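Chain naming follows the written order as A, B, C and D, and within any one chain the residues start at number 1.
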Amino acid sequence: MKDDSFRGVYPALTTPFRPDLSLDVEGYARLTDAVIRDGVHGIVVNGCTGESWSLTAEERKTVFETAVKAAAGRVPVVAGASGQSAAEALAKIRQAADAGCEIAMVSPPWYVIPGPEEILEHYRKILAATPLPVLLYNIPRRTCVSFDVATVDRLADHPKVIGIKESSKDWGLLSSIIRRTRDRISVFAGYASFFGLAALCEGAVGYIDSGTPVFGAKSVAFHKAATTGDLETARALQADMERMLAAYFGLGTFPASIKAALDLLGRPGGPTRDPIRPLDDAQRASLRKVMMASGLIEQRAA
Amino acid sequence: MKDDSFRGVYPALTTPFRPDLSLDVEGYARLTDAVIRDGVHGIVVNGCTGESWSLTAEERKTVFETAVKAAAGRVPVVAGASGQSAAEALAKIRQAADAGCEIAMVSPPWYVIPGPEEILEHYRKILAATPLPVLLYNIPRRTCVSFDVATVDRLADHPKVIGIKESSKDWGLLSSIIRRTRDRISVFAGYASFFGLAALCEGAVGYIDSGTPVFGAKSVAFHKAATTGDLETARALQADMERMLAAYFGLGTFPASIKAALDLLGRPGGPTRDPIRPLDDAQRASLRKVMMASGLIEQRAA
Amino acid sequence: MKDDSFRGVYPALTTPFRPDLSLDVEGYARLTDAVIRDGVHGIVVNGCTGESWSLTAEERKTVFETAVKAAAGRVPVVAGASGQSAAEALAKIRQAADAGCEIAMVSPPWYVIPGPEEILEHYRKILAATPLPVLLYNIPRRTCVSFDVATVDRLADHPKVIGIKESSKDWGLLSSIIRRTRDRISVFAGYASFFGLAALCEGAVGYIDSGTPVFGAKSVAFHKAATTGDLETARALQADMERMLAAYFGLGTFPASIKAALDLLGRPGGPTRDPIRPLDDAQRASLRKVMMASGLIEQRAA
Amino acid sequence: MKDDSFRGVYPALTTPFRPDLSLDVEGYARLTDAVIRDGVHGIVVNGCTGESWSLTAEERKTVFETAVKAAAGRVPVVAGASGQSAAEALAKIRQAADAGCEIAMVSPPWYVIPGPEEILEHYRKILAATPLPVLLYNIPRRTCVSFDVATVDRLADHPKVIGIKESSKDWGLLSSIIRRTRDRISVFAGYASFFGLAALCEGAVGYIDSGTPVFGAKSVAFHKAATTGDLETARALQADMERMLAAYFGLGTFPASIKAALDLLGRPGGPTRDPIRPLDDAQRASLRKVMMASGLIEQRAA
């Protein structure tokens, strides 16, 4: 069921670790505060950007609690809560609800390659028991399975489904989902640097994006321009975002480059956990150049 | 070099044949006139929609002349003029120029799979000798080779390049080309039923589209809504177009379904030539239902 | 390091569950015994065929112990032991070693999409500590990441790497890996119904295959024919296997059809766990027809 | 209908041009003679390796006549004779028959993307009128359309269909076609450097291959080893061929590297025609190194 207030720019947060790779709780709170001060409309925690696969159950609890406390009611916290079984997803959703998160983001099971009916059944079990509204999450390049339009269409009728984050990189699929379900659920685009303007014009309500903690207020300005008809401003910002993300995705394994960019900005980035390696010095130097060229950091500061 | 008047809705016309499969010159003139009365900004002839592969050199000449004569100066005629060699393309371009066409649409060579440098060289030879401005045409699902952004970027600086029609179905590529070149050339999207609104919002100036002769004035209204900021109208029309095209592409081999739809509308459709088979009766009945549901033909008329 | 005795037909076993979906330990032992009586050279447990994602740590321990006990030293037991981190993989490997399994089968981390250097590093950590020899496992359609030839080539020099199971369905990759590494490690093909004969002729030592518990002695006869130069027999059996597997893969989500086929043969199949649904009655009837046509079950018996 | 003598190694010949890009008739005869002296079982002319797209009708006639005259009855000449329509294909087939070619190789129409029924109908028209037996040719990376197994299966019953050259690079498709039709038609593999041994073991009768004029007698020895059960010799030669072809395909646009390799061997290679550019000096130097490493040319000679 659509909630008209669930819209806008939702950065997917990286999870800061200390040099010894333990969870950097203080850094997490600072990062959360920084993006909210940038003007974002909500945050997403414990997603793939957050290296969710590397967190223990205890750490996940801490992440949820830290984000909620740092958000301090200013914006909603969306909690990554996927599982290979409905039971695993529900356990994470309950953790999120207990911590005060407002929405649970749930992808289909990975590795298993279920069919459409099995995906539907997986969600029905979750929806029957979830204490939180659910944001569907389509990320086939990681789960090896994709929603089809018909399955999203059926799930969109369920009162506990509040929206979808669609990250297939397939405009045919994303735009069809927008056209078919936007009157019933909030559609968010992934990969905003390529799909942001198109999706917002087609009727998406916002985007969930790992680049926003780096772009900061620019990302919020982009969303505003795109949703208030100022297309020329939006086009220019979209081009800026593409240039930056092209640099990101070419450097290391996601989200190592995001963390390095945050380091360069003086925001809590920090190392990545296994199996992902942090950027090396040459990659950091290359990233610094891109960020200076984009005006994100000053010549001097670098 | 960009020509600001080169923008809008450019239907790609089918080539009407008589029952004996000879060229239906009178039908061609009538079809041309019909779409111009719908309000389109130009027409494209002898493209893949026009079964260009089946036309003899003499027939191609007749098609160019018929279209120019029927357009009667109301809108420009874009002539499909691709070749596996620069010489073959130039021969077609000269035919088009002699007939009074205003722009030549040229894809990279098919079947050969040239590299980026070879594609560039192919165009340089054509551009050095062409009497007409050239519209680049990217249609990898037929040519088995795609432009990359860098090649389009380099060609966009050439004074004889007036624009590009981008039909890769890859939003990453289409949107990058729009962002990178729209200040220098006119970018037209293909597959308008999926990419129209997104492309226009991103900065494309129009689209080249085989569905417009069926949609008629609806397609022109869609373009107007999308380019004047009336997004809600544009979204609704985009959804209509997707529904219709989904039905088209599922029926027979393109462009058999377009011709059958024109027949149902009382416009000159007619049979297809080898190797493409016309829709059979069951497919036509199914198409009729879709068109009635869309309001394109009346219950009674069907 | 290659072990010349590590070769042949290694069925990947399904995990039998009781009607209440608890682990069917007795069924597991019976299934293990049945395939060993068919003449297989080893067995693989807790792989994707075994719905490994659905097993608790305790159940996994039971599976390892049950298989080892049922095998009773007749053939080696290969234990699926992949993890998203080296630590997770090592924990499973130790479980397997404690139970008496002889080889650990380890895929790259799923969902994370690591680069080649990160994959290498992931294995180096595992190889530095593993008590068991390691069988690399390439299954990109589930993990969303593939080994490249160079990475396998480097890992093939490590004394703890005993082989690879290659299931990319890409003959260019599989055959290159065979040619490049078969003198140092044992290469096993996946999808034996399509790749079995080709891989064995190219120099693979065997295959790991979910169809063998259904084909039974036929699969062992196929391997023997292919590796002793009796190509005509091998070709006929390969064709049989393709026909059967084509029927399998069209029915339900893997491995539901394998379990249904086992049920039809009177072997322990049983239900699947969430999110995978068992075949419905129509699917079972259709499978029964295919199996009768193949002579796997008798007309009467059906 | 299968002809048991239609089997073995059929090199696809490049078309030698003089420095002024005119047809090098004498070079063509010399190249033909050279490969026949290597021991090949037949030759294929006017295929994609032969830059067929660049030949005029008159040149094509000369190519057919030159090859037949140079072959002098020692081996059969297979003539590339595809068309976008049945009429175009038949015109080329008649040219080939008049010149004394024995078999016509015909791909589905390119660019048009016909459906299976339309492909079938295209061939039925050709088969009803052809004076030569027809070798089906599947090359989807150039035509943008692929045969499916069912269509080949139906065509295999036609008495005028003598075989298929399958170049999809998809082992699932190639092996299924072998299994399904090898008792009725001669199946030849393309891309012999990757698929040769696998295809011959599965039941293909030979391969059609652009690398053979460079490999020379090595290719014939490979075929002999693979078809007489000498797998170890065959595997070693297959590995040699892969290494060489990997070098080829990385250099320039096909078949520029083949022509450069022939030049290095002292065989008639020569320049390529538009839009394909010959290798540059750096690429030639790199190719020379690969060929020296493979022992195809001597250190001294280079």
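By definition in this document, contacts are C-beta pairs under 8 Å (C-beta built on N, C-alpha and C of every residue); 3 or more make two chains touch, one makes a residue touch a chain.
What you see is a predicted model; the values in this text were computed from it and never measured.
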Rotation, 0 to 180 degrees and nearest 5, that superposes subunit B on copy subunit D via CA atoms: 180
Subunit A and subunit C, separation of their C-alpha mean positions in angstrom: 36
Length of the line joining the C-alpha centres of subunit A and subunit D, rounded to whole Å: 51
Shared-contact residues (touching 2 or more other chains) in subunit B: none
Category of the chain touch graph - line, ring, star, complete, other: ring
Chains grouped in pairs wherever the two touch, ordered by label: A-B, A-C, B-D, C-D
Subunit C-touching residues of subunit A, taken from the complex the two chains share: 48, 53-54, 84-87, 109-115, 117-119, 121-122, 125, 141-144, 252-254, 273-277
Subunit A - residues contacting subunit B, complex: 169, 171-172, 175-176, 179, 194-195, 197-199, 201-203, 229, 231, 235, 238-239, 242
